[in-house]
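Dropping a structure here in C-alpha cells format, bear with me for questions.
Naming follows writing order (A, B and C), and every chain is counted from residue 1.
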Amino acid sequence: MTITEKTADVPAPRSGEEKSGRLLDVKDLHVEFHTRDGVVKAVNGVNYSVDAGETLAVLGESGSGKSVTAQAIMGILDMPPGKIPQGEIIFRGQDMLKMSNEERRKIRGRKIAMIFQDALSSLNPVLSVGYQLGEMFRVHEGLSRKEAKAKAIELMDRVKIPAAKERVSDYPHQFSGGMRQRIMIAMALALEPDLIIADEPTTALDVTVQAQVMDLLADLQREYNMGLILITHDLGVVADVADKIAVMYAGRIVETAPVHELYKRPAHPYTRGLLDSIPRLDQKGQELYAIKGLPPNLLKIPSGCAFNPRCPKAQDICRTEVPPLVPVTERDGAELAGRGSACHFWKETIHG
Amino acid sequence: MGRYVARRLLQMIPVFIGTTLLIFLMVNALPGDPVKALWGDKPPDPAQVAQIKHDRGLDLPLWEQYLHYMKGLVQGDFGKTIAGNRPILDEITQAFPVSMRLAAMAWTFELVVGITLGVIAGVRRGRIIDTTVTFFTLLVISVPIFVFGLGFQLIFGNELGWVKPTVQDSEDFQQLMLPALVLGLVGLAYVARLTRTSIKENRTADYMRTAVAKGLPRQRIVTRHLLRNSLIPVVTYLGTDIGALMGGAVITEGIFNVTGVGNLLFQGIARREGAIIVGVVTVLVIVYLLASLLVDLLYAVLDPRIRYA
Amino acid sequence: MPDVTKTTPAEAAAETPVVTMKPADGREAGGARSLWSDAWRDLRRRPLFVISALLILLVLLVSAFPGLFTSTDPGSGDLQKHFLGSPNLGHFFQEDWFGYDRQGRSIYARVVYGARNSVMVGVGVTLLVTFFGGLVGMLAGYFGGFWDSLLSRITDVFFGIPFLLGAMVVLNAFTDRNVWVITGALAFLGWTQIARVMRGAVITTKHADYVMAAKALGAGTKRILFRHVLPNAVAPVIVVATIALGTYIVAESTLSYLGLGFGSDAVSWGADISDATQDIRNNPHTLIFPAGMLSITVLAFIMLGDAVREALDPKLR
C-alpha cells in the first residue's frame, strides 16, 4: 500500500463524521498560560481532526503550540497556569472539555495514549519497566500483579525488545535510548487505544534508530487501525508515515494538506520556507535557505498574520488583518480535498 | 555489594580515629583542669594534684595519653571517672538505653508527623494548609528549643497537668512522650521541609506527566510515583539523624530531668571529666558511622540508578 | 550508569538545594537573562523576600546603632522597677514598652542592645564558615582524587562530632567568653556543612559543558576555577549559608541557656532568654520579647534563604 493510495481514500467527507471513522475533532481550541510576565497565548484557535487508521502530522517550530495542543487533548496541561478559554475537543462525538475529571482519566491511557519525546525522563526512574507497563493493566483492567507482568512481557515482545522475559524487571536507565522509546510505545499501546499522540517520538534518538522506531510505530498503527497524531519538527519523518499535515505557527494552523501535495505545492510562505530549508543533495554547494528572524514572542504576537515580520511576501494587509484558514483551490476553482491555507496571498504562493 | 561494604568499613577506620583524636584533643588540650576542679573553690593541694595526675597518667604527653586511651578502648575499657573513680563504661551502659528510648520515640515523631506534614504541604502546594505547615516549620526552627521545652513543661506539665513535668521513671513511655516530642521537634520541621521541597521538585518531573497520561488515579500517582521518588532524600536525612538525636539530647534531658547520654555529657563537661566526653562521643561516632553506611546501602535499594561496586 | 553524581547520599540529605542552570521556561518572554538577574526579578516580587530583607536591614541597623533606638542604658537596673509595668505595649519605643526584668532593667533597651552580640555571632560564624568550608569544598570538588579523599575524610571527622556538643566542650574551657570566642567555637565545628554543599556543587559544575568548553579553549586552572566554576557553584552555598546564619543565632542562645554563652555582664538575646527562663511562670514577658526578637530575626534569615533558593531553582517556581 502506498501513501498516495491511502490519502485517496481519506477525503473525509462530512458524512463520515457520524460513522465510526471520525475519532477526534478539535474545534477552535485556545490555550493560554497566565504567567507573571503576562498572558502567553500558546494556542489560538486550532482546528483539526483525525480518523481511525489515519496519521495526522502536526508540524511546527518549538513554541508553535503543537505540543500544547496535544497536552490539551490528553488533559495533562498544568492548570493553572494553563487555561482553555474556548474551544471543543470532541472525541467519538463527546466534548472532553465538558467531562468530569474521572471520565477523562478513564479515557487517558485506555482510549487515547501518548508517547513522549524523552523516554529516559518520562519513565519513572525508580520503578521497573515491567511494573510501569503492568500498571496499565492493573489500573484499567484490574489484573493481578502476576497477570500484569505476563502482559508486560507480551508487550515488550510485541515492540521487539530482545529477551523481554529477562529484562522485564530492569529499570529504565538500563536500556538504550531506542529500547526505552520502544517501552514508551509499548506503554501507549498496552490497552490498544483508539488514538495515539506521539510528541516528537524520535527527536532524542540516533538517526539510525529513528527509522526503526518510526517503522515500528507505523506498523503497529496499521495493525490496530489506530488514529495517530504525530507531532514533529522534522519534515523528513513526516513524508514517510503521515497521511495529512497541519503546519502550525504561533498557536495557529497556517496550512493543512495531504502529505504529498504539501511537499509539491505549499500554499503558505512559512511552509515554503520550511521546505526550502531542507538540505538537498541536488543543490550541493549552494547556500542553504533559512527563514529569517525568530519565532514570535507569544506574549505579544504580531498583529495581523503572526508570520508577517519574517515573511518575504508580506504586504500592508498582512500587518493588520489575521488571515483565516481558507480552502485552497486549483487555478480554475476546482476543489483540492483537505487543503487549506491561512495566507492572504495563498493563490500567489501555490500558483504563482 | 560486599566489596563496597568492606571498602566503606575500611574507610571508617581513619574517620573513627580522627574523630576520637579530635575530641580527645579538644577535651585535653584546652585550658581547664579536671583534677583541680575536684577541690571546687578551695585552693587545691599541689602534691595531691600531682599524685592523682601521675596515677591516672595525666602527666604524660598528650599523644601517649591518646594511645593509652585507644589501647584501653579496643579492650572495651573506657577508663574511670576522676571524681568517684567509677568505670565510665558503667555510666555509659546505664545512660544509653534511656537515650535510645527517647531518641527512638523522637525519631518516630519525625518520621510520622514530619513526612505527613511535608506530604500534605507539598501536594497542596500554595494552599492555606501549605502556608500553615511552612510557617509552623519555620517557627520551630527559629525558636530556641529550650524555650519550647520549658514552655511545654509549663503548659502541659504544670498548668494543664496532662503529663508529669519531669521524668521520674525513664522506662515509662508515657512520661517520655513530652521530652521525645520536644527532642524531635526540630528534626520534624526539617523532615517536613525536606519532604515538601522534594515533592515540589518531583511533581513537575516528566515521569509525573506520563503517570497522568496513563490515566492513573490521583491517589496512585501520588503514592506510587511521586512519593516513591520524593522520599529518597528524606530517608537519607532520617537515617543520619538517629545519631544526632542521641547526642543532641543535652537540653531536653536537662529540662525534663532524664538521666541519659545528654545528661551524662553535661556532667562531663561541667566537671571537665574529659574521659566521659570522649567515651560518649566515641560511642556516638560509631552509631553515626554505622547509620550512614546503612543509609548508603538503603539508598541503593531505593534508587536503582545508584550502584555500588 | 547515567550521570548520577557520585556524592554519598548522606550529603544530599541535609537540605542541599538543587540549582539547575536552565533559563526560565521557554514559554516565558525571550531576551537574554542570567541566572542571577532572573532570580532578582523573581525575588523583588515575592512579598516574603521583601519583608525578610527589610527585617534584616532593620536588625542590622539596630545592632550597628543601638543608640538611635533607645537612650536607656541596658545595664542600669532600678530595683524599684522589679518586673514593673509589664508590658506597656501602647508606649511605642519608650523605655517601658516591653516592661522591666527582675533587676528592674528596661527589657526594651536590652533587646535593642542585645541585637549586636547575637547578630555578630551569626554573621561572624557565617563568614568564617563560608570562607573556610567553601575553600575546602571547592578544592576537594575541583581537584578530586587524593585531595578529595583527604579533605572529605577531614570533613567527615569534624562532622562526626555533634555540633552543639563540640561547641560546649570548647567553650567550657574559656572563662572569658566574648564574641570572638563564641564565633570561633561555632565556626570550628560548623564549617563541614558548607564544605559538603560546595563540594557537591563544584563537582556538578565541573562537568558542565561550559566548563568543558573553557578547558578546550585552553583556560588555566585558576581562570576556570574563579571565572567559570565558582560563580556557578556559589548559589547553593549562599542559600545554605543564609539559612545557617539563623541557626547559629539560635545556637548561641542555646549555649547561653547552658551557661556556656556570653558572660553575665554582656547584653545578648541568648543570655536574656536564658535568664528569663527562671521567671517564665509569673513574668513571661521577660522571655517573650527577647525570644520573639531572636526568632523573628532567625525567621527572616531562613525565609530569605528559602526565597533565594526558590528564585534560583526554576523547578520550584
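Here is the rule we go by: a contact is a pair of C-beta atoms (placed from the backbone, for glycine too) under 8 Å apart; a residue touches a chain by one contact, two chains touch by 3 or more.
Just so it is clear, the model here is predicted, and its values are computed rather than measured.
Looking at B-C and A-B side by side, the one with more C-beta contacts is B-C. With centres taken as mean CA coordinates, the chain nearest to the overall protein centre is C. Look at where the CA atoms of chain A average out and do the same for chain C: the two points lie 51 Å apart. The geometric centre of chain B is 21 Å away from that of chain C, both derived from CA atoms.
With each centre defined as the average position of its C-alpha atoms, the distance from chain A to chain B rounds to 55 Å. Residues of chain C in contact with at least two other chains: 1-2.
Shared contact sites, meaning residues of chain B that touch two or more other chains, fall at 204, 232, 303, 305.
Looking at chain A, residues 173 sit in touch with two or more other chains.
If you check the complex, the residues on chain B that touch chain C are 11, 14-16, 18-19, 22-23, 26-27, 30-32, 138-139, 141-147, 150-151, 154, 158, 190, 193-194, 197, 200-201, 204, 232-233, 236-237, 239-240, 243-244, 247-248, 250-251, 254, 265-266, 269-270, 272, 277, 281, 284-285, 288-289, 292, 295-296, 299, 303, 305-307. Only residues 1-2, 4, 8-10, 12-15, 18, 153-154, 156-158, 160-162, 164-166, 168-170, 172-174, 246-247, 250, 253-254, 257-258, 270, 273-274, 277, 280-281, 287, 291, 294-296, 298-299, 302-303, 313, 315-316 of chain C touch chain B when the two sit together in their complex. Chain B contributes residues 204-207, 209-217, 220, 224-225, 228-229, 232, 302-305 to its touches with chain A in the complex.
For chain A in complex with chain B, the touching residues are 74-76, 78, 105-110, 113-114, 116, 118, 121-128, 135-136, 139-140, 171, 173, 187.
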